[in-house]
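Look at the two complexes coming up: chain A is in both, with chain B in one and chain C in the other.
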Partner chain A sequence: MSEAMGLAGTRAESAEGTATEGVSVRNLGVRYRDRVLLEGISTEFRPRRVTAIVGPTGCGKTTLLRSINRMHDQAPGMRVTGSVSIDGADIYAPGVGVRGLRRRVGMLFQRPNPFPQSIADNISLAPRAHGLVSRREAAHLVEERLTEVGLWEAVRGRLNASPFHLSGGQQQLLCLARALALSPDVLLLDEPTSSLDPATTEHIERLITQLSERVTILIVTHNLAQAARISDDVLFLMAGRVVEAASSRTFFNDPGDERSRAYVSGRIG
Partner chain B sequence: MLVRGRARGISPSPAPAGATAGRESVTRWGDRVTHAVAAVAGMVPLGALAFIVIVMVVSAIPAILFSGTGFFTGSVFSLGSVYAPPIHHHGLTAPFGASYGALPLILGTFVTSLIAIGLAVPISVGGVLMLSEWLPRRAQSFLSLFLELLAGIPSVVFGIWGVYTFGPFMAAHVYPLLTGLGTVIPWLKGPVGAGQGLLTASLVLAIMVVPIVAATTRELVRRVPTLAREGALALGMTRHETAKVVTIPYVRTGILAAALLGWGRALGETMAVLFIIGNVLNGYPQNLYLSANTLSATIAGTLDGALTDSTGTDISALAEIGLVLLVISLVTNFAGRLVIRRVSDQALPVGRGV
Partner chain C sequence: MRHTRGAIFWLLCAIALAVIVFPLIDIVVTLVRVAAPLLRPSLFATTTQAGGLGVENGILGSLLVGAGVLIVAGPIGVLAGLYIAEFASGRPRALLRFFSEVLSGVPSIVVGYVGYVVLVKALGWGYSLLAAVVALSMLILPYVVKNTEVAFESVPRSLREGAAALGLSRLTTIRRVLLPPALPLIVSGLVLAEAIATGETAPLLFTANWSDLNPQLGLTHNPFGYLTGTVYYSFNLPSKGEHQLAFAAALVTVVMILLMVIAGRLITMRARRMTANLEV
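Moving on, here comes the complex of A and B:
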């Protein structure tokens, strides 16, 4: 792990302005049969920054997020056009495997969805499937990841128990630990705290801030206060199009678009 | 089925919460009537079961007295001859030469049904899991229509097909190959016979049970939350890994229930087995290819002859067979429910996700 951190560190020093780093979306369109869900989306998600994706319900936030780990591949009737690049490489290019892509791009869903497996296996199954750790190293990884999300003390005595007896917040932390076990470069968070209590929400927000030192984070949120607290940048969507992409400070204090102003002040959305 | 009905009858309904004084008595009275009706309705299946058991026991008493434990240990089941003077035994009269040893029938019932379910469960579960991943939705509903049709075919038709087409084909082309496994499983050594026997009956039973297990499995798989499966897919797991890690644990308990349902069907299936199994009433087959018999097929196959016995003991023996079949069904049903409860109370239940 320290190795990956070190790597992240050097990249951070060299990188900041390099256009190819981070997640870059070019003229992205998503259609479901005849319906346009997203159109003409072009934007950059800066590396090792937290970008909040905001907008009214149904504007396409989840759809955008799912374009970035190619979750639409499985959905019949979904068509994606344009391109998404991660660190300069187009993830929709022929020959790119979703397995490797999703290893690098983790995802957290609106509601926790732990595997119906033991708590320990929830962490170790994916890394083992990807051949990242051996069965013997897995135990160490489990402790490391659970510690990182602050769940270790709570579950160390019942690693072989079902995760469904944990609270919703603990389950979501477990899912975060599960995603982190693959050492992703990008994390896609789809309203990860919308079903959680304030204490766990605050805990997850702190984790997001810490993680952004080494991971590029895209977080969809309905909670503007949350976006203001944790995001470096904001992407504001309406009806499947980008309204404004700005730094968090600009977006909340001096937005460039009238609709952003209305959204921030609570008049729309 | 009966068990579920009984549970519903017994489970206490919460007492009605106290309403305001004026309306209370009316509400109370209405509730009481409703509860009484519900209780009676709940008792109906229990009463029906009790009635059936009592009738069976009473009818079986002469045969029970006549053969005692010999029913469970004897290997010859013969109705005897009504053309010779009846014999007297344990104070009872029975046709000359009558012998009610049902052990081969009991074993035949278990062997055929277990082989059937042992083949049908992996085939249907594996098939459904694979097809649900590879077939588009529409093709899947076409497939389940096909399964329903298969389930709706009368068992007599399976019997005729088994005895005239399937059995002879297997005996000519497939069973000779299976004898190669005779060194590992001695019961698969030849001779293979003409295709009427234990194995053909088991295979046809398996075909009859597949639709039951497959249809249930398909429904279970369809109900696995997309969110749960996407958790695995989003980690780059393959569909195969996703099935193993998410889908199968979600449907496991349900499949167990489906398997028990299918097993119950195979235990009691009569007409198809009657046609196919060869109806031998004496002793055990030398291997799985040859003729044998089951409890239910014996009842159907010998009822005619038993009715000609004026002593009534033959009919009583068939009632005892029926009683044993009933007990086996009830015990497997109860045991199955216990297993299911055990499994679903343990770690990883169906649908207990957040």
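Moving on, here comes the complex of A and C:
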């Protein structure tokens, strides 16, 4: 509990500096060659809230998520139209550095992907590369972030060991700590618990709730129960379009669209 | 029925293993048997000068060429492979790959002859270490390039994505994220290249010629000896001692290559420290 308090404290400081307005998507379209993956997506992701992006397989959930840190940039044949703004600034505007953007927008993937470096270096690599911390501060940062995700006690004796001896759940926590080491404003979570056991899943869900005090969180999930548990808002996509954007309470109890009703009740999926 | 098939499969595997292992054992046993009278420390302290029965000049020459090839072809090959894998795209990439593949198909004696015409004669380097190193480098470059290219391309995509998502620069990504898992394959390419360079004869006949003396200072205009040359020239001489020397030099060559492979393994094991259990 005292940890959470500490988090809230640092949170307040950084929140005052930047008036976060969340993520705003305007008429976003994504095509791969001549296939339409997303079309006419317009929605707001409220700051410091957890928004679950749900929908049937292949509806464009992950594509939408990856538009928000411009992960499509490197894929040849991908074309993005429309705009995505974070704190009011268009991230697709000319002159926007993709590396600076990704420093502020962290991402966690479906399967843990720690780097082939020591556990400590996994955390400190990116902050050091971005020049955010000195070598000495890095050691402190490592402990801070590992403590935050609840991994410190388990790995404090083997910070210089390979991360690949950790369990899958621990590796995912390490990846979360790695993303948090850059103090992102936005976290993109792409089915982060789909390969994990129930206990770790619960742990990560608790962390997500805690983190939403200071970070805007977008989570793609196939698990509707999970969405209901942790999200403030829900964005429901089908076939590359928005069907419904609503608060979780509304979406799960009284959805406005017939298709949402069918999806929530399990009739489509 | 299933039992019989399984038995046949295992029999074939055993035969395949035998086909690989027995010739190697036979080679080593034969070499040791014939070379036995010469296998004493003085073998390594005697040159072939004035009919001397030793491999000193041969070993020194081979080590020099090996080191030179590592210095020349190592960086060029690794950088070219890295360029193909991580930077080039479209036509330049296809072209580089094509040239590298063609180069790997050029017979070593042709490389030797071209080395003679261009390096020894046209450039006027004479029979020399420089000419030999450049010629052998051309020969082994494709192996280094290909291994490096494959090494980087086989790094799991999830690692690249993880690095990209953190806003890491390309250079940091290559150095800290891609290189550790790629290193074992790169090193094995270099070891293979060194082994080939140590075992080659034809390009050296054309570019190093031969010397019974130990290698002299000076990169150009200095013919020198090398282990495979000791084998080649001594084998044709009509004396029992020379005949034994050929076998001794061959044995030393095989042992040197073996040591390189072991060294490569050790480097690889160290490099794997952080990548063990990495799912590829």
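Here is the rule we use: the second predicted complex is superposed on the first by the 249 of 269 C-alpha atoms of A that agree within 3 Å, B and C clash if a C-alpha of one lies under 4 Å from a C-alpha of the other, contacts with A are read in each partner's own complex, and residues count from 1 in each chain.
The rule is simple: contacts are C-beta pairs under 8 Å (C-beta built on N, C-alpha and C of every residue); 3 or more make two chains touch, one makes a residue touch a chain.
As the structure is a computational prediction, the values presented were derived from the model and not from experiment.
Colleague: Using the superposition on chain A, decide if chain B and chain C clash or fit.
Modeller: Pair status: clash.
Colleague: Give one of first, second, both or neither to describe whether A:Gly168 is in contact with chain B, with chain C, with both, or with none.
Modeller: Touch status of A:Gly168: first partner only.
Colleague: I'd like to know which partner A:Arg99 touches here: chain B for first, chain C for second, both or neither.
Modeller: So A:Arg99 meets both chain B and chain C here.
Colleague: Per the contact definition in the header, classify A:Thr43: touching chain B only (first), chain C only (second), both, or neither.
Modeller: A:Thr43: touches no partner chain.
Colleague: Tell me which partner A:Ala126 touches in the superposition: chain B (first), chain C (second), both or neither.
Modeller: After superposition on chain A, A:Ala126 lies in contact with both partners, chain B and chain C.
Colleague: Using the superposition on chain A as set up above, list the residues of chain A that contact both chain B and chain C.
Modeller: 69, 71, 74, 98-103, 106-107, 109, 111, 113-118, 125-126, 129-130, 162, 164, 175, 178-179, 182
Colleague: Mind pulling up the chain A residues that touch chain B in the complex?
Modeller: 69, 71, 74, 76, 98-103, 106-107, 109, 111-118, 125-126, 129-130, 161-162, 164, 168, 171, 175, 178-179, 182, 195
Colleague: Can you tell me which positions in chain A touch chain C when the two form their complex?
Modeller: 69, 71, 74, 98-103, 106-107, 109, 111, 113-118, 121, 125-126, 129-130, 162, 164-165, 175, 178-179, 182
Colleague: Under the definition above, what is the set of chain C residues touching chain A in their complex?
Modeller: 156, 158-159, 161-169, 172, 176-177, 180-181, 273-278
Colleague: Could you list, by residue number, the parts of chain B that touch chain A in their complex?
Modeller: 136-137, 225, 227-228, 230-238, 241, 245-246, 249-250, 347-349, 352-354
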